[in-house]
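My questions will all concern the structure given below.
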Amino acid sequence: MTKKLFYILIALLLFSSLVLGACATTPEPTEEVVVEEPVEEVVGEKIPLTLYYMPVTRFYYPSPKEIAEGMAADMANAGFDVQLELAGDWPTYLGLRREGNLDGLYMLGWGGDNGDPDNFLNYFFGFAGADKVGDDPSTWVKSPEAREGWYANTEVAYLLYQAAINPDQAAREAMYQEVEALLHEDVARIWVAHNNTPLVFSSTVSGYVPQPVGADYFEGVVVEGSDTFVFGRGGDSVQLDPAVVTDGESFRVTGQVLEPLYQYEPGSTKPIPALAESCTANAESTEWVCVLRQGVKFHDGTDFNADAVIFNFDRQRYTTHAQHYESQVYEYYEYMWGGFDDDSIITAVEKVDDFTVKFVLAEPLAPFLANLAMDIFAISSPTAMEAAGEDYGLPSNGAVGTGPFKFVEWVEGDHVTVEANVDYWDGAPTVDQIVFRVIADDSARFLALQAGDIHGFEQAVVEDLVTAEAADDLYVMTRPALNTGYLAFSYKIVEFQDVRIREALAHAINREGLIENFYGAYGEAAVNFLPPLIWGHNYDIVDWTYDPELSRELLAEAGFPDGISEVTIDPAYGTE
Amino acid sequence: MNPILEIKNLKTRFYTQDGVVKAVNDVSYTMSSGEILGVVGESGCGKSVHALSMMQLIPDPPGKITNGEIWFDGRDLLTLNEDQMQKVRGRDIAMIFQDPMTSLNPVFTVGFQIVEALLLHNDMTKEEAKERASDLLNLVGIPGAKQRLNDYPHQFSGGMRQRAMIAMGLSCEPRLLIADEPTTALDVTIQAQIIDLVKKLQDELGMAIMWITHDLGVVAELAHTINVMYAGSIIETGKIRNIYKQTRHPYTIGLLGSLPRLDDSPGTELVSIPGLPPDLVALPEGCPFAARCGYRIDQCLTEKPPLVEIDGENHSVACWRWEEIAGMGTK
Amino acid sequence: MAKINPEEITVTDFAVREHRSLWGDAWRRLISSNTARLGMFIVVLFVSSSTLSHYFWKYEPKKDLDYSLKLKAPNLIITEEIPSTHLFGTDKLGRDIFRRVVHGGWNSLRVGIVAVSISLFFGGAVGLMSGFYETVTMTMVERLILFGTTGFLLGFLSAWIANQYFQLVLYTGLGLAAGYYQDLFKGKFLRMVTFSILGAFFSAVPGLFISPTVALICGLWGLFTGVLLSRPLDGKFFSNVMMRLMDIVLSFPGYLLAIAIVAFLGPGLGKGMIAIGVVGIPVYARLTRSVVLAIIHKEYILAAQSVGESHGRIIFRHVTPNILSPIIVQTTMGLASAILSAAALGFLGLGAIPPEPEWGAMLGESYRYLTSGAWWAVLFPGLAIMLSVLGFNLLGDGLRDALDPKLRT
Amino acid sequence: MIRYIFRRILSVLPTLIGVTFVIFMFQRLIPGDPAIAMLGEHATDESIERIREQLGLNRPLFLDREALVDDDIPGFFDSQYMRYMERLSHLDLGDSIHRRIPVMETLKLRFPATVELSLLSMIIAVIIGIPVGIVSASRRNTAIDSISMVGSLIGVSMPIFWLGIMEIMLFAVILQWLPAGARLSTGVEIESITNLYLIDSLITGNMEGFADALSHIIMPAVALATIPMGIIARMTRSSMLDVLQEDYIRTAKAKGLGGRLVLFRHALKNAALPVVTIIGLQAGTLLAGAVLTETIFSWPGIGRWIYDAILGRDYPIVQGGTLLIAIVFIGVNFLVDILYALLDPRIRYK
């Protein structure tokens, strides 16, 4: 009986499998699920007014969480009922920001890679990667470089483009100042602070030269009663091949071991000759001829000459080059010289003679020398690179260059050691050995310094700096600020498209209090995006005052007499 | 007929959250060497506790021996300190316990546990001890003793464990062996075997045995003398014959009544004692059994009857009306 | 003296001590222990203070900011530079730490309760069922459910590959059939063959309409499914699977797992609660299972079975009440550890969104100022954490002693 | 015995496989793109794409249905999970995404640091916890008992990160006796044999190195030890109490054994069973606690390293590290089971 049932059941199932299988459609191959923010589907969705704060400490925001709390409180007292939000950890945060999905206000900042204003402004407000002037904004609004928070300002973009290709410094300066003026009047961002990053040293140390851009100078360091200089730092180097890294802790070391053709003048952002004796441009500045220093040897004994220079540049430029590895990202080359292979602005690096090279550019590039001086384009020994292959720059190999110090060892996560290069062309350094020691925690670093375990370090807690200033066996030195921490608006938010509201926010924040509290004596309120250190900084701009009353009024004008706690998302944005 | 053990008004108390449990109240009796004494009573009547008190194995806290003397070959055990007591335990007085399942240490071999006792009390080498141990196992009738020495308790059956326990108890040829309900946890056939075993051993070794049980049937086969205990006191004691033939205490009568007898004419129903034993925390002044007693008079509720000898054969009863009961002639 | 005949005698009331209920007893034991009383005191203090402050002592963290008062040491006397008393001092933003600690309690309490509820609910359910069915044989319905779900789950792969989700029906059907016809054909082997062939068919045939390869792969999977289903799965199987899962979760260090979950869900107190709750599940599952196994052979369970009570009824009427006490103890202690883990997450910056006061986060923010001597900013939140945790632990400890009949003397 | 061990191994295997699966799932479920994590603020779309390509992040997670539709069976199996398993199968943990260094290399450096820390804490916990437990069990309901039990309960309730901070404040900031972080002071060299500095320095007879290493490890070790210490003490006590109520203890006494013998021979061996288990489980707690301790004492171990890797989406590190920890944890508990069986004949002879 039950057996019969069983057979019937089976038959049924089998039959249904046939029928259903027959009428079931075969899957269409491209069934990729496109992750769309639900927010963007909905029309004019209301969301709480949100301020996203950074999950990590960067030099432009020493303690982002507390700073955010401070700013939020200020806003709240001015009628902006903001919700703080942690969008996730750093990668998530950056990812969302790239896709323009930090819907509200958010904290971010910028540190200069070279001394040129272009490197600041163009990244955000120019439209690198998109088609040039005249196109309708929507096309380039999409290109991520041009799109932080969906902000697009054709006028600014056009100026920046002009400035970038104009060889005349004075003219460029004027243009950048105008850009700054435009941005300020448009309240495109709220510039919060420039931070003169403090370094703390034991008073036995002297001769350290902190650099606003590029690696600091260690050559002149003298440590009383010790021939080793121990420098404490928060993180380890990523790699010691400057071409494939972007982080300061890597450059801090490579900057001692390798040198570019140009370097930055101690204490400023002005490019001065290093391995090159001079570089001169032709009239339309599309060709640069560099005369190289003679008799310089790499640490491995091989000669430095035109071939070495060409090797180093080609290696980064040509994806087909033997030393250009799939597994590695030559990010900065792409970003400074517009792309690889044929997209590169440098169309050729030619050997004139053993000690003369010629750079041929596709179009005039004003910040050429500034770019050239970046640590990324420091010259490594070709022989060493070929020998080490893909492992060049890893702890096992380190880096081989012409710099004042030679790589000795790298114990990952603990320390890197370099020793003086006695036959350095500019005279042997005054200290025999540098140990770059990793001590992750700020306070721990400070304690290590007090205990005499290290001789100096960067990035201290403000309170500790006060202590350090007071102590007679310690002193504080600052790195001239080439950075800006700011507050960005997402222009997806309808309310933020109203300049009065943006301005109201600008007036709401007590930046003096903020800086005094979190940057101590080392921060300064940012009036421009460009820090004063860089030419192009516009001194005529009058900063927004801290004035809650005013911001309330502006808010009222904009139609929110009793404050704002909810905002609307503009459906026009975000649907690519 | 020299007394080996003499207990004088032993009092044991447990101090608990619910109050003072009067577990043993004024127990006194003597025991002569080679005698088998049966201590009978319902569970919780203090029979085990008074035995443990003798060994001074009362968990303390909460237990305490508040009063009394325990004379064992000329020494009052209660005056001995722990070290001296340890020498007594196992060597002079050995004890075997109710539940053989839990009374052997599961993580040591049976052999080890016997040898341990041997080495403790006699100076012999490990080898000798092992020898002796296997002899003992043979003695208590465990086949293949040699190999069994290395077995763990859980590899033994219940009966065998109890045998092992006995072997352990006998290991130093004690003068007094206290068996605390040794057969309760075993099934009847094994019970019988164990009892025979003990009888046999007693014949061979001639030590005195105190057999604690709630099962009058068992004692009947075994004991020379019986102490009937109730609510921490002895309420009737005497030669086995007397207890069975001239039962005087209502409680004992009850006990015997609740015991099926072969010579019962079919149809005789078992008399059972109504109610429960009194709460040892709140003992009634007066006879502890009064509340359940069929022969109760008012005096019983107010005065506690003393244990009085009623014939030349030190048959003693603690009841006000034993004479009348005698007159009634039970059964 | 006249003879008395037994008939006249009436047996008077027995002197038997009145008996208290288990809970009454437990309560008496609980309050009689000093440590438990201390624990209760702390817990009550902690709960009441945080609840009351939450409802009656208004605090707007959003607006709380006064740079002029940053990192002031505890003071009781009002001076002109510190116009207010700060029992615990102030933090970097000049906020009164005492106030934030008290209000922080509310968050910790919520985390504790929610997290524990999650672990208790899921862990308890899993443990109860695996413990129960490991020993009690399943009824037909239960077996059908088990087989059906197994089939359904296994069906997913095949259904996904062929992109024909109706296959789930087939697999479920197969499962049900396998469950119903446990003793189809005498002989395991024959049954196995039958079901494996059926399985192969059910997933291969629809697959055929996509492509032969799909059919092949699906067929193989179906084969495997059939074989698995042909075996008599039972409570043991279920219990094993569950316990393996628990082992897996257990073999990750708690914090790391919690961190990963938070990283996955995104930060925030709510997410933290879930993370901690999930991490806690195996603990409860295992505990529940073990205690169930301990009592499942007790006579009253057997009795209930023998009179044919339904399993559900047995579980809720007989099993649950009897495993309560260890669970209660574990829950109390679980609250403690949940609060602790929450604080840990907060300390790593994965806890409450600022400016919400939360103990762990307060520590994480302030310990950078330790070197400059702001001990108060670290000491008090930490103490708060430790005391509240200690309170629950003491209480749980007391409860264990109170509810554990073994220790009755 | 052998069969027992074998059975245990078999029962461990599925857990291990499950663990690898969970690890894989987690890191893939976590939002955020390793490419972005690696490139930071300046990332260009091109480079991000290149990296995703090169890391195989654009492959499907498990199986590739489309590949199957066009009859490409290898393509069907060529997924991120299969690649991951395939690498695992020959014990290749891959290279760190951020700094192309093989994860194995870094593990060799960092794991010993964590092991050293955990081991020392465990030793501290055991040598303090067990005696305390025994004493308070044998002195039940006395002042000593309640003091030590409340003490151990405080230990259990201790937020170790807070304790760590307090230690630093006291010994590093105020008294300045001990260093606040790291494993060794600069300049102190210990030639690495096991990479457990304490042991290495002893082997090489490098006393001043030993002292230095000790001064660095002591604070974190103590902080880490508190919780296990408390737990072990309590467990020892309670299981001691349980055992002391057992009949066989009475038997032993009846045999005339002295209190000490009874306690240490008959009671302790039985009481050891649950304690051993607990100690095994504590291995997990320690490794977990390492995340916090290593953060506070900037200890170059794997706890903090994995934490950062999770935040930095450095999948190979997360995989390698977590897997290692899980394996260690499982392994330790496996050993505990064996030990258990050795201690308890009832299990051994099942």
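Going in written order, the chains are labelled A, B, C and D, and every chain counts its residues from 1.
Following the convention adopted for this analysis, a contact is a pair of C-beta atoms (placed from the backbone, for glycine too) under 8 Å apart; a residue touches a chain by one contact, two chains touch by 3 or more.
Keep in mind that this is a model prediction, so the values were computed, not measured.
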Other chains in touch with both chain B and chain C: D
Which of A-C and B-D has more C-beta pairs touching across its chains: A-C
Distance from chain C to chain A - Cα centre to Cα centre, in angstrom: 45
Geometric centre distance via CA averages, chain B-chain A, whole Å: 90
Chain B and chain D: spacing of chain centres that average the CA atoms, whole Å: 55
Distance from the mean Cα position of chain D to that of chain A, given in whole angstrom: 37
Sites on chain A at which at least two other chains make contact: 26-27, 31, 55, 88-89, 92, 443, 447
Residues within chain D bordering two or more other chains: 31, 65, 69-70, 168, 173, 295-296, 311
Per-residue overlap in chain C, given as positions that touch at least 2 other chains: 163, 210-211, 263, 266, 367, 370-371
Chain B-touching residues of chain D, taken from the complex the two chains share: 141, 246-248, 250-259, 266, 269-270, 343-346, 349
For the chain D and chain A complex, residues of the former touching the latter: 31-34, 36-47, 50-51, 54, 65-66, 69-70, 98-101, 105-106, 109-110, 168, 172-173, 176, 179-183, 185-187, 295-298, 300, 304-305, 311-313
Of all residues in chain B, those that touch chain D in their complex: 55, 57, 61, 82-83, 86-91, 94-95, 97-99, 102-108, 116-117, 120-121, 152, 154-155, 165, 168
Chain C residues within the chain A interface of the complex: 60, 62-65, 67, 70-71, 92-93, 162-164, 166-167, 169-170, 173-174, 177, 180-181, 184, 198, 201-202, 205-211, 263, 266-268, 349, 353-355, 365, 367-372, 374
Complex contact set, residues of chain C against chain D: 34-35, 160-161, 163, 210-214, 217, 244-245, 247-256, 259-260, 263-264, 266, 336, 340, 343-344, 347-348, 360, 363, 367, 370-371, 373, 375, 378-379, 381-382, 385-386, 389-390, 393-394, 397, 406-407
